[in-house]
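Right after this note come the structures.
Look at the two complexes coming up: chain A is in both, with chain B in one and chain C in the other.
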Partner chain A sequence: MMKTPHERLSINAYLVFFLVHTAQIGLGIVGVQRVIFVEARQDAWIAVLLSGLWIHLVVFVIYQTLKQTEYDNIFSLHTFVYGRVLGWVVNAAVVVYFLMAYTSILLGYVEMALTWMYPDFPLWGGTLILVVLTVYALYGGGFRLVAGVSFLTFFMTIWIVIVVFQPLKYAEWIHLLPIWEATPKQMTNGVLKTAYTMLGFEVLYIVYPFVKEKQRAHRYAQLGVLLTTFLVASVTVIAIVFFSPMQLDVTIWASLSMFTIIKFPFIERFEYVVIPLWLLVILPNLLMFMWAMTRGGKALFHVKQKYLLFIFACVAYALALFFEKRATINEFIDKVGYYGFGFSFIYPFFLYVFVRMKMWIKGSNK
Partner chain B sequence: MKWLIACMLLLSGCVSPRVLERQGIITTAGFDKKGNLYEVGSVMLSFQTAGSSMSEVIEATNKTSKGARQDLEAQTSHDLGSGQIRVVLYGKELAEKDGIFSLTDTLQRDANIGSLVYLAVAEPSAKQVVKSKKHEDTPDIGTYLYRLIEKNLRSESLLAATLHEFIHSYYDVGKDPVLPCLSLRDDKPIIEKVALFRGDKFVGTVRLDESFYIKMLASEYNTGLKNITVSRDEVAPLLIKKKGKKVNIVMNEIRTKRKITFVSQKPTPHFRVTVKMQTEILEMSEKMKPIMQANIHVLERAIEKQMKKEIEQLLAKLKAYKTDPIGFGQIYDHSVRKLQLTPKQWDKLYQDTQIDVDVNVSILRTGTID
Partner chain C sequence: MMWFTKKNRVDDVAKRLAHSPDFMCRRMRCRGKIVDVLFLSNLINHDHLQQNVLAFIHEQEDVSIDQLARCLPIGAIRICETEEEMASVIRDGWAVISIEKEKRALAVNIAEKVERSLEKAETESLVLGPKMSFTESIDTNIRILRQNITDEHLVTEKITIGERNKLEVRVVYIQDVADETNVQTVKQRLSELHIDEVIDSSVLAQLLDDHAYTIFPQYLLTELPDRLAYSLMKGRIGIFVDRSPTVIICPTTFFSFFETTEDIYLRWTMSTILRAVRMLGIFASIFLSPLYVAVITYHYEVIPSALLLTIGESRSRVPFPPVIEALFLEFMIELLREAGARLPTKVGQTMGIVGGIVLGQAAVDAGFTSNVLIIIVALSALGSFTAPSYEMGATIRILRFPIILLAALWGLVGIFIGVSLLLIHLLKLTSLGRPYLSPIYPFRLADMKYAFMRLPIKFYSERPKTNRPKNSRRFSWREAMKRKDLDE
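Our next item is the complex of A and B:
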């Protein structure tokens, strides 16, 4: 069992809303439409809603799990449930997952920025900037900075939502018909494919011990998820009515392509505003996952988080250097989504059962 | 941490700068085909330090459009930038024989180019239109063409023509794109017709007064003029003279609402088109009795009858061209469950499709006099 973190390090409950929401929204929402659409066709938005419902349930279960002890994060829970050796292995797997998620965001964002804005800039340069930025932020700030960044970037970017509805002037609503044509199998695949976009709520496992008013954290986490589901479902519906089906099948960054028709008298190509701005959207993701990694590393190696920060940053950067082509990056992101689905959508239920069982056994032993 | 900031600043300097005076901004590009090769003519706009700008037409021939772009670079001391491209023209012959999808596809693929570029078909060839010297008071032909299309799109019967809409209709099963057709009169590019496409291939044109109906049926239509000719018998109660030619009526400030319902699938697809139109009368070729509540319906019914006839003629013409710009196929595809319509299937079904037209006109005003 862990001790509760220092008062100075803890955060207000309402910040959980921003932490969960900004950890969820990131790179996925830029191109999620095609990925789901390929599976569930015009019912893609239903798949998003279903996935959202599922996440609400998962967040509830995560909260129930964490409520058992109040002071534990996922790493100490694993040691508690699985014992020292097996627990170490499972924790290592979780850290690897965070590492992959972090790297996928690095690659995905840089790749997007290069395609749209800086075709002559090398991939390694872009990723280096982002890695350096993460290290710089976390070295000085730590967890309170992560919370602050999500709070600030949320307000700096949420206004984009207003603009997102502008493509509706080209909308052909008939594309949504007939509703519920997808077979259960297509729908399941659709839900599975939303995973990468909706991931991030699992940070609750690590953030929770830092929250001051624990009983209120749950409500805010649910609200964060609700907003995410609403946004992802909206952009999905808009993309379906904006593009024709076969066009959406080949559009990689549907949200960005929709921005190309937005025009203001003072700025003609709105996507050139959105892409740099998107750095603010993925920044909380990067910081959150890196911080989660160092948290896990601390549990694994009992080393100061500061040193781990440098080590993990180097590892992530080295990993990112392996990638060059879009096809391989896509495959990598797909894989992260797949593991993420297992870890965040399914595993919390098992963990809850394990924790309850372990506690029950311990209780009856006494 | 200082070295980190320094490192970030240095890295962000890696992106190459662009100096305005060294840029040649392409405002329009025209494509034709000669044998296997694309002939490209581009209008390049460049700015001098003194403040004035100049435009120049440069031409190149190559196997691909981007290859031609490279040849263009060899002909100028400026860096060509295509971010400001406004209008892309395709020669009629190229559009008819080869189709233009591969050329629009590369525009879409290029992140430099926005989705609101206007596309158009040029007659007799794109090159001739681009080379035209008559562009009113605009600095170059590209800007002229852009404003010409934009204005006619907004206020007249011209149909939507942006890159986004073209690609959208091209990919949509059961809907075919349309583009404006530019032609030359006394060497000045004008819009007289609308080009119809089947897939990405040009199949024929309709006059602007016919495209009025396509626009009306494909979307909501606001403002614009429409001239309609009705026979004398139809409006007999209103006429003062009993003999003469047909009566011409010009309507203004037209607002329409259309509804297409899918009635039945078998034996052949059956649609019902209902158009509700509100308008005011601007001109009549003949003196009439004052139009009052009691007799206004005579005029309305006469217009309805004529419009219905014209719409039916147009639909027959579209069927003959085997093109479906209104998107009946799309409605069919989305109304029938468990159906993956293919363009081929729709081609066959479209010929037998039954379309009932129902027009409902109401005249709101008759100008400043009755």
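Our next item is the complex of A and C:
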């Protein structure tokens, strides 16, 4: 069993709100609209709400699971449930998932920035900068820094929300009608496609032991999810009413495209400000996943986290080097979303059942 | 035999004082005893010596160490046992009275220290409020502090540092306000210093730093007694260093470098606005020229077309890329500032003319830079000078250069990489082990009224939590907030 972190390292409950929210919001929200719209058409926003509801339930289950035993994070929990060998394998799979999520954010952001702003800049250069940034932050910073960055970047970027509603001036609300036309299959696909955007709350499994008042933290986690769902849903609705269906079908970064109509007296193309600013949005994502990886690596190999930080950073960077084209990156991101859906949306229920069963067996043995 | 030891003693002390030519031994014969008075003539007050020591000994009926210790009209005396001790007090400007046939000697303090008179604060200038500033003498400084704070819990603890060149350091704090852990940390760090000498409080501040590899100052240096008094009453700790006119205040936060005591002297509305202006100025000072470089180099689409015309026109004659242009101008301003700081004040006035008119206008005429950039660079220079702390001002001026380079490399994304690095760096920093970015992170809502704005004084019933005061209550909140009825 891992030792509970020292009191000095633990954070106040309210920070869980920022951790969960900033871990969730990232690249996805920039272009989620088209992805869901292709599946669920004008009911896309319902798919978002449904997946939001689902996540609330999942967060509840995660908290129930962690409360059951004295093992307070997913890695020690896995060892407990599956035994030493199988547990190790499952833990390794979780770390691989985090690694993939990290790399996908890396690639996604750099790819977006290069497409919009710097067509000539090499992909490997952009990813390198982000990897170095992550290592610099976590080395000597640790979890306290992850929490700090997510708290500060939240306030540095949340003001964009005010601007997001500006395109409503040109809204055609009729685009939303008819409501509830999507078939169950379409809706399910829609929810599945939302997954990548809404992922991130699974870090609760690892953050949990670092929080001071665990019961209050649950409430804040739920609030964080609520805000995410609200934002993603509003962005989706705005895109649906702003673009015509045919247009939305081919608009990859719908949120950014909507920003092109926003003008300030001193800024003409607002999206050129948003893309650099988005670095601050994905920064907590990067830090969070990298930190989760090192925690997992510590449980796997019993090595100091700072060494793992360098190793995982190199691995992630090497992985990112494999990708060059937009299409392959997209495929990769889709795959991550797919695994993420399995790991974060479905698996927590099973884990809960397994933990209960294991405890029941252990209890009856005595 | 006795005579032999006696002679030996004076010689011995002289040897320990490296045979200084100003070492004097005044030998007198009183009531049949030989009395030696040893001192360094450059260090003492001669009037004092003649009237209160020599004349007094002459008038005594009974000349012995005990008798003299009882009757000498001098405040600070002490008994010395060894020659080494005698030499060390003589070095501090004391006189040692040694009497034939007595093993012990009596040391009296008749030192006269050289110091300048109290002057108006130069580096931290204020419009309102007290103008006096600290001087180089620790005794005078402590006296000023005691006049400023009459609190009975004021502690001034003495610690001596420097293994060769001994230096008196005083840790001052209000005992029932300052956090005990902070006080312990300061004392521990001071006592763990094994260094031959410390030349000034600014050096000591660097020695006490939590992080050496950072551009940000972690301790506040002030020459204003009122600022120190204010900080102490809010639960901070001051460190006086002998021979230094600046006092160290710790722990600090990033935002404490942007506060001045004038913010408290002005009415709250004004000081809130002025502080906002200052913060905005400093923010602009870091980011304006990088923004110019980024936007002109990479993203001219961001500029509205009307403005783009103006900028294009003024840049049309400039043959360099924006980075070179910006670095050139920034370098020029830095040069002007540095030259101004090094030059004697009388010559310094010409600097303004040289810088403002000759270089600025000529640079544009010669097609070296654009007009727009001159405005931007001038603005950011002005902004950096509004930082009330000289150290922080310098930090901000230097900080601009790496961000300009980042902007030149990767445009706006480069600037945001800079912002991220800065953010991460600031989050990692601590001062005395306390988070540097407080009250933003860790978030302390109640302290926002100290760090970012001013409210009417009745809202300041509690000391800032960032300093972890042992006793945070200043006055009764309830009483201050009491409202009167209409016709009361």
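Descriptive notes on the structure:
Convention: the second predicted complex is superposed on the first by the 363 of 366 C-alpha atoms of A that agree within 3 Å, B and C clash if a C-alpha of one lies under 4 Å from a C-alpha of the other, contacts with A are read in each partner's own complex, and residues count from 1 in each chain.
In this text, contacts are C-beta pairs under 8 Å (C-beta built on N, C-alpha and C of every residue); 3 or more make two chains touch, one makes a residue touch a chain.
As the structure is a computational prediction, the values presented were derived from the model and not from experiment.
Using the contact criterion defined above for the overlaid structures, shared-chain residue A:Glu181 touches chain B, although it does not reach chain C.
By the touch criterion defined above, A:Ile158 reaches neither chain B nor chain C. By the document's definition of touching, of the two partners only chain C reaches A:Gly148; chain B does not. When the two structures are aligned on the shared chain, A:Met359 is found in touch with neither chain B nor chain C. Using the contact criterion defined above for the overlaid structures, shared-chain residue A:Leu277 touches chain C, although it does not reach chain B.
Of the two partner chains placed by the overlay, only chain B lies in contact with A:Thr115; chain C stays clear of it.
Of the two partner chains placed by the overlay, only chain C lies in contact with A:Pro265; chain B stays clear of it. In the superposition on chain A, the residues of chain A contacted by chain B and by chain C overlap at 117-118, 121, 129, 133, 136, 140, 263, 268-269.
For chain A in complex with chain B, the residues that touch the partner chain are 42, 115-122, 125, 128-129, 132-133, 135-136, 139-140, 170, 172, 174-175, 177-178, 181, 243-247, 257, 260-261, 263, 268-269. Across the complex, chain A is touched by residues 1, 4-5, 7-8, 11-12, 14-16, 83, 111, 114-116, 162, 164-165, 167-169, 171-173, 175, 330-331, 334-338 of chain B.
Residues 12, 113, 117-118, 121, 129, 133, 136-137, 140-141, 144-145, 148-149, 151-153, 263, 265-269, 272-273, 275-277, 279-280, 283 of chain A are the ones that touch chain C when the two sit in their complex.
Note for the complex: chain C touches chain A at residues 298-299, 301-305, 307, 410-413, 415-417, 419-421, 423-424, 427-428, 437, 440-443.
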